[in-house]
Amino acid sequence: MPFRRGGRQIERICDALCSPAPYQTMMHESPGDTPMPSLETMGEIMSRLRAALFPGFFGNTRVSRHSLQFHMAANLDSIFTLLSEQIRRGVCFTCAETKSMRAHCGSEAEEKAAAFLKALPGIRDMLAGDVNAAYAGDPAAKTPGETIFCYPSVTAVTNHRIAHALHTLGVPLIPRIISETAHSATGIDIHPGASIGERFFIDHGTGVVIGETCIIGSGCRLYQGVTLGSVSFDKDEDGVLIKGLPRHPILEDDVTVYAGATVLGRVTLGKGSVIGGNVWLTRSVPPGSFIKNSFMD
Amino acid sequence: MPFRRGGRQIERICDALCSPAPYQTMMHESPGDTPMPSLETMGEIMSRLRAALFPGFFGNTRVSRHSLQFHMAANLDSIFTLLSEQIRRGVCFTCAETKSMRAHCGSEAEEKAAAFLKALPGIRDMLAGDVNAAYAGDPAAKTPGETIFCYPSVTAVTNHRIAHALHTLGVPLIPRIISETAHSATGIDIHPGASIGERFFIDHGTGVVIGETCIIGSGCRLYQGVTLGSVSFDKDEDGVLIKGLPRHPILEDDVTVYAGATVLGRVTLGKGSVIGGNVWLTRSVPPGSFIKNSFMD
Amino acid sequence: MPFRRGGRQIERICDALCSPAPYQTMMHESPGDTPMPSLETMGEIMSRLRAALFPGFFGNTRVSRHSLQFHMAANLDSIFTLLSEQIRRGVCFTCAETKSMRAHCGSEAEEKAAAFLKALPGIRDMLAGDVNAAYAGDPAAKTPGETIFCYPSVTAVTNHRIAHALHTLGVPLIPRIISETAHSATGIDIHPGASIGERFFIDHGTGVVIGETCIIGSGCRLYQGVTLGSVSFDKDEDGVLIKGLPRHPILEDDVTVYAGATVLGRVTLGKGSVIGGNVWLTRSVPPGSFIKNSFMD
Amino acid sequence: MPFRRGGRQIERICDALCSPAPYQTMMHESPGDTPMPSLETMGEIMSRLRAALFPGFFGNTRVSRHSLQFHMAANLDSIFTLLSEQIRRGVCFTCAETKSMRAHCGSEAEEKAAAFLKALPGIRDMLAGDVNAAYAGDPAAKTPGETIFCYPSVTAVTNHRIAHALHTLGVPLIPRIISETAHSATGIDIHPGASIGERFFIDHGTGVVIGETCIIGSGCRLYQGVTLGSVSFDKDEDGVLIKGLPRHPILEDDVTVYAGATVLGRVTLGKGSVIGGNVWLTRSVPPGSFIKNSFMD
Amino acid sequence: MPFRRGGRQIERICDALCSPAPYQTMMHESPGDTPMPSLETMGEIMSRLRAALFPGFFGNTRVSRHSLQFHMAANLDSIFTLLSEQIRRGVCFTCAETKSMRAHCGSEAEEKAAAFLKALPGIRDMLAGDVNAAYAGDPAAKTPGETIFCYPSVTAVTNHRIAHALHTLGVPLIPRIISETAHSATGIDIHPGASIGERFFIDHGTGVVIGETCIIGSGCRLYQGVTLGSVSFDKDEDGVLIKGLPRHPILEDDVTVYAGATVLGRVTLGKGSVIGGNVWLTRSVPPGSFIKNSFMD
Amino acid sequence: MPFRRGGRQIERICDALCSPAPYQTMMHESPGDTPMPSLETMGEIMSRLRAALFPGFFGNTRVSRHSLQFHMAANLDSIFTLLSEQIRRGVCFTCAETKSMRAHCGSEAEEKAAAFLKALPGIRDMLAGDVNAAYAGDPAAKTPGETIFCYPSVTAVTNHRIAHALHTLGVPLIPRIISETAHSATGIDIHPGASIGERFFIDHGTGVVIGETCIIGSGCRLYQGVTLGSVSFDKDEDGVLIKGLPRHPILEDDVTVYAGATVLGRVTLGKGSVIGGNVWLTRSVPPGSFIKNSFMD
């Protein structure tokens, strides 16, 4: 076959793929040979965190109350080592991409990993409330433990609370990897920047989008297909998007948003409001509102 | 770095994570050291079931018509052994969570696994109809086999028919694991309790939600983003949700629901009805109805 | 337990499962013992293609600019070998299913694999534009590289451009496997037949459906939950679906479709049009249109 | 570092390694792209054979007497498929190396695999005698089952009886792979050509060598470090070794050879003879001999 | 091919293999469906023990002095769980093989595993002496750590000290699995029953055999190919081997045995004796002896 | 069970294992958190080297003469990266153990890895001679390729030539790992320091020991159980072994040593000598000698 004979064609394709692409480079070269964060190791870290947050539900060991402390301590130390290295890679990646070299990325990474671990008990307590909300809020749930083991909401919110803590510490890239992992597994897309209060529950969840600057109070509940998004993006005088401006909704405590509803822009949904299914909303509503579409029966 | 020095900080975090959480325990201790069901083994069981239901399409062996019976028998025996153990774990989990101890969970588990295997030929025949519906209903499908191998609908409905059979036998937890696996892979969320008739097809599928007490006739078809849900949840005098009440739609035979439509509550969609895309419906409609939104062209 | 005793019951179930199913056979026997395409190998091929298209971002090796050419050439040769075999299996599968035997499927497969590799540099250049569009279009994106590594849009569009090239070459089954892999991971369902222009971006993406005969211009942008579908399916005089007719929308250049919008049928959205969230559209609109629902504020 | 800069040095080394070596080619190109036999698949085949020969001792399944037949039949069919392919590769390898092309190597391979399977029950019965000999002959053995599960002798003799059956069928290369696997694991090196009678036992075993043309009667026993070898090799008029001539010892029934003894050449050790440890023997001895070194106490 | 047609031949072979073999059953059925000990889990246990005994040399974690205690405790708890289960399987296996049923094999197994763990610090101290002896005794050893990481002697003696402790506790089968693992990896065959004193070193090691009832003092050293075996086996009046009698050599402290020497029977080699290479010895020698062959120069 | 209750006993065992051992530390702490060399990565490096030296025989790809150069170059670059890192770890290990810190161990490691790669073509040419010697010297060998794929001699000599090249470059620890891997697989123990000429062959091989300072000419051949060792070890005035002195035999060209022979000390075996089986030799012999034991027939 002419394709294989002498390999000339592969060489030509190879040359084309090794030459620069339009727009920007498609190749990544980190400084100091630091590779990209490892998706496989990130998976191991998330498994270890789940084992630390929900012992007996996840992780390989049949922990008893007596041996729990041994495994917890070893697990936390391993998480510290693995996470420090991944944070370091995330920092190096961002340095290389933004050409803004930082020194000491190794020690910076260890400091952030340590600060994250200190936040873990608080995350655990928040998740206990989320689990309770999932159990209390779904008539099909038989036990709280079932929601820990099976519910996409608990998966997605666990990933979010971890990603948000790292995002708050200024860790680049890693939080996004964590949130996209949950997005892929559950169809729930929560930006690591979103701030979410206690006892949060998303039923079914596929198609939910929660934007970067959302602020969600305690006791809120969402259903599948809900978007908490932005209307339009501000650009600077050069026509380049201004990044990071507050542009997503604020939900006060105990707000419920039913399936397929879309809430856009920096609007505030007052305490205890209920937004009906498929509602399209781009304005604030006072506490206690019940918003539904005109075409609803 | 002070974090590592002496490990005192890890010990403090460890103590906090080993102490009780608010709301309820976040740790699972099964009676008699029985661990949680294994997600990895559940994956193997589902692969083996797929190989038994669609031989030659799935499974490792190049089966011929002559050797099929050998592999089928060995596979069924392995499924029996593996599934019995996972059902036993599911029973123990529920015992531990609900404090309602059952004796003989080992033999109970084997009985349920055996009863499930007896239901398998019927499930296979139902799936043959589903495959036919997928092929007949999608102009992009080239062959029936392509829908078996590639279509999310066949994946999700296979998992559902298996989960529903186990749910009907009173197996706890395991059916939910099976349905959430399909939910994660396809974005189609069918509660194991839902009753679904012959020749069922879901096109594209992402975002479909089918609730616990739905009853769907034969020859029905759904598109992506359809919700068959409930309106509100009844609570008892203590304000606690009453679980298990009929609260989701009934679809009679040959009903089609187009993309994004939402049908809520114990309503009946009469035989042969067509519900248009994005329709919001909370009332019953007679046979032969064609419902579309006022804003549709 | 009677179930195990003598294995008689397993034999009965086995016989039932080995006997023919209603509607059609549920067993696949390829000619010449060629098994089904391997999903595991398809996963390896996609990983290798990602490493070839985005070196340094994906793949196991810490490539430098100097050693890139070595790894690229070896990778391309391995892709050729692996892909040829999978294409051959896809051809055999379709032969067996459609009873339309083709000779020389081995050399046909190698020719198509070679033709695909020749198209790879063009695909790479298209993807460079897509990456740029993702970065420019999302205020939350910090660097272009972040979109390569994390964004579902880049994942789905990469798979699509590969699947579309194979589809155009007349390769059966394999393109569908590739597109369903992306569908499962991202919730974005793009049929391999869809034709998509330069600098394409899908934000969030869950629930997006793009049909087989869509034609999308350059610079278009979609949000989550957008459907570009068909209205109804033509059947021939025997009531059988006519497959392959143009039946999905045409988007001219620079069209934006917001979250949850549904566009159905062979309609044309004129250059630069903006379709609002949740809009339901089954007619063509002229260039520069801004379509929104009457119920929007 | 100059080594990496431009990769010129790697290219030079690469060119040298791709150019011909002295003496003969060091690269293998099989006809028709058939690769070398797979050591990994050979390992799977041997595991499956062990499970077929010693059910319940080896293999993944908890077989009961009732389900044994199911797993046995499936296992045999898989062995047939896997082994046929490996035999075919072995035939192709030998064709390529000896430039003596054979047609129909696919069907030849299947015939040999089928003939081998027919020999399997006989092999099983021989091994039952070997297990009995191991148990009866070692005061440290607690049960026959322990020798099946743990004893290097049973491992090595199992591999030998399989390799010898394939060797007798004229299968190239594969028998050698099987015997070298046992050699590596146990230190016992038995050439596949050696003919070994019933109830054979090797105690400890490390360092034992049994040559290609050995003939060993029933009830023989060897200890570690025993060599049954050849004295010198006949060459033809061109000085090239003549291959395959009888040149190794014949052991009649019930011969025992103690540790470290060396027996060389086509000599016969008569029925019931005992050869002492470290003895060096290059002549035949009559039945009932007891040979020991002069320096032994 | 007739072999496959209808699978009749496979069925015949299958029937033959499922029928009883001569001498004894070749199939293992444990009581209560307990399977054989898992060689894979035994491998994990040995890896964990090596990590506990030589932290930082073996095991996955980069332990520091500060985090060592965390990982040690978790590791010990996991070893306890895993080893208890394997001991239980070993007990069940022996029960089934010897028809001498024991009750409470679960709690018996846990007691033995606990007793073994208590012996672990003593084993560690013995191994520290063995490592020192290896370093001091081999002119090619650069550091003590090199002998821990690379030397077959340390591997074999570690396995032996573990196997011997379990053997002393009356654990069946498991010690033999552990010693045969080392035998396969190093060619050093030490029976778990052998009693070996402090600071033991075997140089090179291939072919060494140390019998069940050997007693070896402190500071002894062996070279490759040394046999410490038995002369003949006593049988009872029925001609059946009497198992467990003292029948192997006693080495007093500081004895050295050079390569290839053979010492057989319940003889005593006096303190400080040196046995030359290839010596054949079946009698006791007084302290301080230097034994060499007459044919040595 | 008291063992588990409160975990107090595990804590006590843990404390004992974390406290210092007699003789020396049993824990390894490398400077700068560099872990031990990875045995798994060393295995990958050796597989890659085998694929580079014997393309088509080893390695995953079906290389053709046309694509060989692509895979060779990529493989060499990967070997360079992987081996540099392992050499660095070996250097750090030795630094930590000997307390003799070296700076720049990263660049030193890369230099040594580059120098090793430059030596690879020469190693390949030597191995071509070894393969030829194996084929020419064994009447049971059917083709040269069979010896590459199956013969322990080629495995052990390949590992040795690689280990020796690294040893000559002053790389610590890594050569020993490579030689012990071959020792475990083949029973052939060649110290990396030994110098071995062209066309070297070891038949059967189990139990062969070749010491650190051996010098072996071209065309030599050994059989199983041969020891080329040292007589006694010189100690310095403190009674500590002097390491590295010449103390093993020199074999001139074309020397053959038969099975079980032992040659000890810095003696010279003259060109073309033949040493008989089981011979014990501690003196030099002139060229052309034929040495056999007096007790041989």
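Per-chain numbering from 1; labels A, B, C, D, E and F assigned in written order.
Criterion: contacts are C-beta pairs under 8 Å (C-beta built on N, C-alpha and C of every residue); 3 or more make two chains touch, one makes a residue touch a chain.
Bear in mind that the values here come from a model prediction, so they are computed numbers and not experimental data.
**Q** Common contacts of subunit B and subunit E?
**A** Touches both subunit B and subunit E: A, D.
**Q** More contacting C-beta pairs: A-F or E-F?
**A** Pair with more contacting C-beta pairs, E-F versus A-F: E-F.
**Q** Rotation angle for the CA superposition of subunit B on subunit C, to the nearest 5°?
**A** 120
**Q** Indicate the whole-number Å distance between the mean C-alpha point of subunit A and the mean C-alpha point of subunit C.
**A** Here subunit A and subunit C have centroids separated by 25 Å.
**Q** In angstrom, rounded to a whole number, how far apart do the mean CA points of subunit C and subunit E lie?
**A** 56
**Q** Would you give the residues of subunit B that are in contact with at least 2 other chains, written as numbers and ranges?
**A** Within subunit B, residues 4, 7, 10, 62, 64, 67, 69-70, 73, 76-77, 187, 206-207, 225, 260, 278, 293, 295 contact more than one other chain.
**Q** Answer with line, ring, star, complete or other to describe the graph linking chains that touch.
**A** It is other, because the touches fit no line, ring, star or complete pattern.
**Q** Can you work out from the touch definition every pair of chains that touches here?
**A** Applying the touch criterion to every chain pair yields A-B, A-C, A-E, A-F, B-C, B-D, B-E, C-D, C-F, D-E, D-F, E-F.
**Q** With touch defined as at the start, can you tell me which subunit B residues reach subunit E in the complex?
**A** That would be residues 4-7, 10, 64, 66-67, 69-70 of subunit B.
**Q** Looking at the complex, which residues from subunit D come into contact with subunit F?
**A** Listed in rising order, the residues of subunit D that touch subunit F are 1, 3-4, 7, 9-11, 13-18, 21-24, 26-30, 33, 35-36, 93-94, 97-98, 172-173, 176-177, 180, 183-184, 187, 189, 191, 193, 206-207, 209, 211-212, 225, 227, 229-230, 233, 240-245, 247, 260, 262, 264, 278, 280-283, 293-295.
**Q** Quick one: in the complex, what on subunit E touches subunit A?
**A** Listed in rising order, the residues of subunit E that touch subunit A are 61-62, 67, 70-71, 73-78, 81.
**Q** Quick check: in the complex, which residue numbers of subunit B touch subunit C?
**A** My answer: residues 52-58, 62-65, 68-69, 72-73, 76-77, 80, 107, 110-111, 114, 117-118, 120-121, 124-125, 127-129, 131-132, 136-146, 148-152, 185-187, 204, 206-207, 223-225, 259-260, 277-278, 293, 295-297.
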